[in-house]
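By letter and in written order, the chains are A, B, C and D; residue numbering begins at 1 in each of them.
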Amino acid sequence: MNESGTSRIEAFSDGVFAIAATLLVLEVGVSTTSGARLGHELLRIWPSYLSYVTSFITIGIIWINHHHNLRTIGPADRTFMFLNLLLLLDVAFIPFPTKLVAAYLRRDGEGPAVIAYAATLLLMAVLYTIWWRYARSGRRLIGPSVSEAELRAIDRGFAPGLPLYLVVFVLAFFSPLAAVILTLALAAFYLPSATLFAER
Amino acid sequence: MNESGTSRIEAFSDGVFAIAATLLVLEVGVSTTSGARLGHELLRIWPSYLSYVTSFITIGIIWINHHHNLRTIGPADRTFMFLNLLLLLDVAFIPFPTKLVAAYLRRDGEGPAVIAYAATLLLMAVLYTIWWRYARSGRRLIGPSVSEAELRAIDRGFAPGLPLYLVVFVLAFFSPLAAVILTLALAAFYLPSATLFAER
Amino acid sequence: MNESGTSRIEAFSDGVFAIAATLLVLEVGVSTTSGARLGHELLRIWPSYLSYVTSFITIGIIWINHHHNLRTIGPADRTFMFLNLLLLLDVAFIPFPTKLVAAYLRRDGEGPAVIAYAATLLLMAVLYTIWWRYARSGRRLIGPSVSEAELRAIDRGFAPGLPLYLVVFVLAFFSPLAAVILTLALAAFYLPSATLFAER
Amino acid sequence: MNESGTSRIEAFSDGVFAIAATLLVLEVGVSTTSGARLGHELLRIWPSYLSYVTSFITIGIIWINHHHNLRTIGPADRTFMFLNLLLLLDVAFIPFPTKLVAAYLRRDGEGPAVIAYAATLLLMAVLYTIWWRYARSGRRLIGPSVSEAELRAIDRGFAPGLPLYLVVFVLAFFSPLAAVILTLALAAFYLPSATLFAER
């Protein structure tokens, strides 16, 4: 009965992250059944590739960050587990707005599609921030062997996340395509902060 | 050959829980292909969001409970493994009635849809109760280091589950929407009892 | 570099078994969109439920057996890993004929549908037998701590599997429904032999 | 905070490999709803079976290789994790061109379909080579206990991979069917090198 709650949270989270990322490919498809135009169709659906790559890397980055943060945490409490469940609920939802972006980008309806996508990612950033703040404030759930310097390094890595996803959300109302590209850039930018720990 | 049967059960169960929860998003979709009305359509499909959130949190809670109970159990026997398989069979089925609720809530057919949903959850509660009673009665499969107080704490957490899912089932015949909302509330209520152990 | 090959095989196999079982629910669906007839439709699709339950329990049983057998095996060799991959290839294919049974049972086409289903399961039994015989004959891959009595107990459990799936296959040509029901019964029969080890 | 980065990479990678392989079956389907012609239809869709088997074994082989290589690696750095994420992004994409091959082989459009398939596999081979070269060159991430002989054995196994997938890609422009069959043969050829370690 004395296993840390963290390993159980990790197993469930790992499953959800990996499955959500891998399900993204189901949204990629061709709408024509005419073989003669397949080559053309495969080029025409570039928004599917862009949204696939953006969502896959974003989920991968969240996953790496999530693991990194969890490692600083000792025994979890009920609130933390509930916040984690809400975070996963949002992450597992990403394939739906990704499908919308694939279907509507550069067509009528791209506005609502990308707004839904950006809203899902903004909510993810909000839930992630709450989840981490809850564990970190006053070192509520932080393990005793974790130094303040390590926590501050994580905080620095997180600081730009929420504001940047807010920028993506606002941008979605003006230029849906730019918002998607910024999301992809954001994921690429996050990786260094996410994996800083790997070098130490 | 001396590995406890529990870890094997856990691995299979973990996979099924995480996959069933993450597959739920595949049921969310828009039925129009007109981009002009996409914004409106995204609001119109709120039953999809409600059923997604309800089923995701419900599966998450069952998963947390399942892990908590398994930890009290020593070597499993054949009957326990078969009961566990039946429980997972029901959990893995949840995406189907969830899809029905998403498609039919607040429309013709919401009655049968929500009754099917509530029946699946009621059966889950019944199977879960049998599964746990089998292991717990006379401490048949309970590990020697688990105290009676711990078992009683789990029992107290379980006591309201079966009657409440029965209420949901009956309510589904009269007010489908209320039955879905009660299911969501029930999942939120269960979390505390499920995670009590995390604080000890 | 000295990790046993078995744990790697187990991780991949576990994933495939759990995902294949959980994907089965995606094949369950209603073909009508009229809400007024949903209640009737939910009863009409009973072959979907029957094929879902049959395939889920069958995959669960294969999974339990697979784990049990793997535990007797020491370091794996390349042939064993290739045979294991072929076995998983067949197991992961089960959702397709399951979908056929759901769609065609008790309708025109039930013959080919159930024959395809039975052929997939028969091939599974053949591959499983080859996989196990390869490891077991002359104790080629059997760990030194495993007794002959244990191996003979496993053999006894396996003996009826291949002939019975052959009976199912032949029966599919004459009575498709009976073949599906026998498959379900076979899975229930297999559980005891599969989990014998759990009691020792 | 001192867990090796490799185990985290392994867990995510394992999930993606197993899920991508198991999702392949969702692409197999019959397009007719007439039960009378189901038997004929099940034979007509042989390209679905061929592409399913080819992709399943290919993913299985990549997965075995990936595990084998990871085992030689000590603590990972950020670049390695990013390369790994790109590799998984490509592997998880395989079900899409597999679906194209299933739908278009031996019909109009088979050219673009198989070119897309071969391009995905060629990109996989390129990313895999970069991923491994990055870790291996100058023993940048290689664990101290790994001998040069072991590394050279892995290199020998890898040497033919990239050129052969390039041949498959070029072949796809001239004979799509031959390109798919060569891909299947390539996977079967890779297994020995992939599992060499299992015998040592």
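Going forward, a residue touches a chain if its C-beta (ideal position, glycine included) is under 8 Å from a C-beta of that chain, and two chains touch if they have at least 3 such contacts.
What you are looking at is a predicted structure, and each value in this text was computed from that prediction instead of being measured.
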Intersection of the contact lists for subunit B and subunit C: none
Numbering shared by both copies at the subunit D-subunit A contact, with half separating same from different: different
Centre distance in Å when subunit B and subunit D are each reduced to the mean of their C-alpha atoms: 35
Approximate Å spacing (C-alpha centroids) for the pair subunit C, subunit D: 25
In subunit B, residues with contacts to at least two other chains: 14-15, 19, 23, 26
Contact graph of the chains (line, ring, star, complete, other): ring
Full enumeration of touching chain pairs: A-B, A-D, B-C, C-D
Residue ranges of subunit D in contact with subunit A within the complex: 1, 3, 5, 8, 11-12, 14-16, 19-20, 23, 26, 75-78, 80-82, 85, 88-89, 92-96, 99-100, 103-104, 107-113, 116
Complex contacts: residues of subunit B adjacent to subunit A: 14-15, 17-19, 21-26, 28-30, 34-39, 42, 52-53, 56-57, 60-61, 63-64, 67, 71-72, 145-146, 150, 191-192, 194-199
